[in-house]
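Chain lettering (A, B and C) follows the sequence in which the chains are written, and residue indices restart at 1 in each chain.
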Amino acid sequence: MRAGPADEDAALLAALADGDLAAMRRLYERHAPWLSARLLRRCNDPDVVADVLQDSFLALWRGAERWRGDGEVAAWLWGIAVRRLVSRLRGRRAAVVLPLEEEADPGTAPSAEEVALLGVEYGDLGSALLRLSPEMRAVVQATVLDGLSTRQAARLLGIPAATVKTRLHRAKAHLRRELAGGLA
Amino acid sequence: MTVVPTVALTGVTKRFRGTAALDDVHLTLGPGITGLLGPNGAGKTTLLRITATVLTPGAGEVVLFGTRPAGPEQLAAVRRRLGYLPQEMGHPRGFTGFGFVDYMAVLKEWTDRAARHAEVRRVLELVDLDGVAARRVSALSGGQRRRLGLAQALLGDPDLLLLDEPTTGVDPGQRVTLRQVLSRAGERSTVLLSTHQTEDVAALCDRVVVLDGGRVRFDGAVADLVATAAGRVWLADAPDPAARASWRTGTGRHRVVGQAAPAGAEPAEPTLEDAYLLLLGERARTTGVAA
Amino acid sequence: MSTSTGGWHADEDLLSRYVRGDAGPVAAASLEQHLLRCASCRDRIAAHVPVPLLDAAWERVRDEAVAGRPRRLERLLVRLGVPAPDALLVATAPSLRTSWLVGLVVTLVFVGLGAAYGGDRGLTFFLLVAPLVPVAGVAFAYGPDADPSHEAALATPYPATRLLLLRTAAVLAASLPPVLLAALLVPALSWTAVAWLLPALSLTAALLAASTWVRPTVTAAALGAGWTAAVTSASRAADPTAVLAPALLVAYAVLGCLALLVLALRSRSLTTLGSPS
C-alpha cells in the first residue's frame, strides 16, 4: 500500500524535530497556499496574513513534536493559524474587513450549485445554515466551523463576547427548528 | 611605494620543554594561496598558531599587516582582519550550526543582528551547509563540522585566512567546493593552509612551504618543487627496495621514486607527492605522508 | 482521496472564485471543510494563490527557523539592559545551565546531609561546598577545557578578559542565589549564612588571577583541595566556623583584591593560549 498524504505530512513533521529545513519547505509548499487563501477570507490585509502564515509555520517548527499524530495535519495547522490570526488582530480592528460581512444579502436565494456543494459536506445542515442571517452565520462559522472559543470569535468578528453568545444561542435554536421542520 | 606583506616572520622559534617545534623560521606572505606541508609534528600547527596571534613565539619577530601586534589595541586590530580555523575545532554543546557561526560572528564584532545573520547565512552557503544550518552541531557529520569551522573563518571576508587542515574528513565533492571557495578567497586575501593532502596543494596553491622538524625545507612555487622530482620517478615491473619509495599501482606496475632508475623502468611524470617524498627522504617514508 | 467526500472535488473555477473571495458563503464553507481532508484539492489551489505573499512569508519563516529565537536567558538579560551581543555571549557560555543546576543540586544534597546529621557536621558540609560552587562554575564556563572552540574564539578581536569576566558574572549570578537560599535552610548557620560569600568571592578572584598562568580547571582543583583542607582542619579543632573568623574574613578580602589586581596586570596573557598543555 502506498503511503497516503496524511502519512507524508506526519513523516515531514517528524523530520522537523531534527531541524530538517527541506522537510519544512515541503510542508510549507503543501499547506501554505490553502492556509493563506482561507486566512485571506477572514482578513483581507495581505500583510497580516503573511505575518500569520509566518507565525503559524514557526510555531510548527518549534513545536512539531506537540502534534499527537492523530487526525489531519491540515486541521491541526488551521487550528494554530486561526488562533494566531485572532491574536494578531487584537488592537488593529480598523485595518481589517471581514469578507463574510460583505456578503450580507439575505434576500438572495442560494444558488442550486451552492446547495448541492453544501450537501456534499453537511447534508441537511447546509440548507439550514443558508437561511441564517449573515451575522448569525458569521458566528456559527467562527465557532463551529473555525473552532474558536466565544472570546476568540468575538475578537475575530470585532463584537462583544456576550453578543457572540446570544447570536450563537439563537442560531442554534433556529437550526434546530429548521432541521426538525425539514424532517417533518 | 613598496607593498607591505600580510605576514612577515623573521627568525621565529618556539620551544616546548626544550624541543623546538619551530626553529628559526623566516616566512613572508602576500595575497595568494600558500600550502603548508610537513610530516606529523613538523610544526605546522605551531606556525599557524603563532601567525594567528594565539601563541607567542619564544624568539623572533611576527609582523602582520605591517605592525607588530604588541598592545591590546593592535592585537584587536590585527585580529579584525584574520580568519582562523584551528586544527582542533570543537563546538560548545547545544548549538545549531547557525547558532555556532552566529556566536563566532558576535565575537568578531558583528553587533547588528540583521547584518550578522545575513553574513552568517552567506558563509554557510559558501561551504554548502545552508541546508543543515538548523540542525544541532552534535547531529552533523565530521566533515560537515569541519566545514562549519571553515565557515566561521570566512566571516567578514578576512584579509588573512589561516586554515589548519581544512579538508580533513571532507568528502571529495565537498573538497572541490571548498577549493572553489578558497581559490576565490585567494584572489584578494592571503591564505595559508596546512594539509597532508598533496593533491590539495597541487590543485590550489601557487606556493608551497615544506616544514620538517620545525625548519623550512622548501619555500617556492609548486611547479618548482615538482620539477625537483623530474627524472627520479619511474614505472617498473618489480618493486625497488633501494628506492625512496616504491609501491604497486592499480595497473599492476610499480611506481618507483628514487635516485636511480631500476632495470627495465620507464620514466613517469612526477607529481607533487613524489617531489615531497624525495625532499623529506627517509623521514617522510617512515612517518607516512600519503595517507 | 478521502472517501467521505464521495469522490467530489472542487473544479478550477470554484477554486479560483474562492481565492478571489466571490465563491459565496456556502460554497466557501463547504470547500473549506473539504480542503481539510483533501490533499489533491489543497495542491491544486496553490496555482490560484498569489505567489509573492507566499514567497515573502517563506523567506521570513526560513530565516527565523534557522536563526532561532534568542534564548530565554538572553532575552531576559537584554530586558535588564545588557547589550544584546554581550547577552548572547553570556547566554551561550558553555555549561552555564549545567553549572547552575550542579550548584543547586550539590548544595541541596549537602544541605540535606547537614539536616540529617544536624549541628556541626551539617555546618561543615555546607562550609565545605558553598564557597566552591562558584569556583567550579567559573572553571567550567571558560577556557580550553570548558569551551571546545576556545582557540578559535581567542583569534577574534573580542577581548578575552571581558569574555572571562562576563561569564564569571553570569556564573555568580546563576549559582549564588540557590546557595544563599540553601544557607537559610542550614539550621546551625546564623550570621555565617552570608559570611561564606567572602571566601567564595575571593576564591573566585584567585581562580581568575591564576587563569592567567594555568587553565582554570587545574586551579579550581587546587583551590578546592586547599579549601577542603582548611575546613576539615577547622572542623577537627571543634569549630568549623573558624574559617570565617573576623581576621580571616579580612584576609579573604585583601587576597581577593590582590587577585583582581594580578588579573588586571596580567590580562594580556589571557589573549593567547596558555603555557604548554
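Assume a contact is a pair of C-beta atoms (placed from the backbone, for glycine too) under 8 Å apart; a residue touches a chain by one contact, two chains touch by 3 or more.
For reference, the UniProt names are A = RNA polymerase sigma-70 factor, ECF subfamily; B = ABC-2 type transport system ATP-binding protein; C = Putative zinc-finger.
Keep in mind that this is a model prediction, so the values were computed, not measured.
Taken pairwise by the contact criterion, the protein chains are fully connected, each one touching every other. Chain pairs A-B and B-C differ in how many C-beta pairs are in contact, and the one with more is B-C.
Chain A and chain C have Cα centroids lying 41 Å from one another.
Separating the CA-averaged centres of chain A and chain B is a span of 58 Å. Centre-to-centre separation between chain B and chain C, using Cα means, comes to 35 Å.
Among the residues of chain C, those touching two or more other chains are numbered 65-66. The multi-chain contact residues of chain B, meaning those touching 2 or more other chains, are 96, 133-134. Each of the following residues of chain A touches two or more other chains: 21. Across the complex, chain A meets chain C through its residues 4-6, 21, 24-25, 28-34, 36-38, 40-41, 44, 46, 49-51, 53-54, 57-58, 61-62, 72, 74-75, 78, 99-100, 103, 110-111, 113-115, 117-118, 120-122, 126, 129-130, 134, 137, 141, 145.
By the touch criterion stated above, chain C contacts chain A in their complex at residues 1, 5-6, 8, 14, 18-19, 21, 24-37, 39, 41-43, 45-46, 48-50, 53-54, 56-58, 60-62, 64-66, 69.
Residue ranges of chain A in contact with chain B, taken from their complex: 18-22. Residue ranges on chain B touching chain A, taken from their complex, read 96, 131-136, 139. On chain B, the positions that touch chain C within their shared complex are 16-17, 49, 52-56, 72, 75-77, 79-80, 82, 84-86, 88-93, 95-96, 98-100, 102-104, 106-109, 111, 113, 117, 120-121, 130, 133-134, 149, 152-153.
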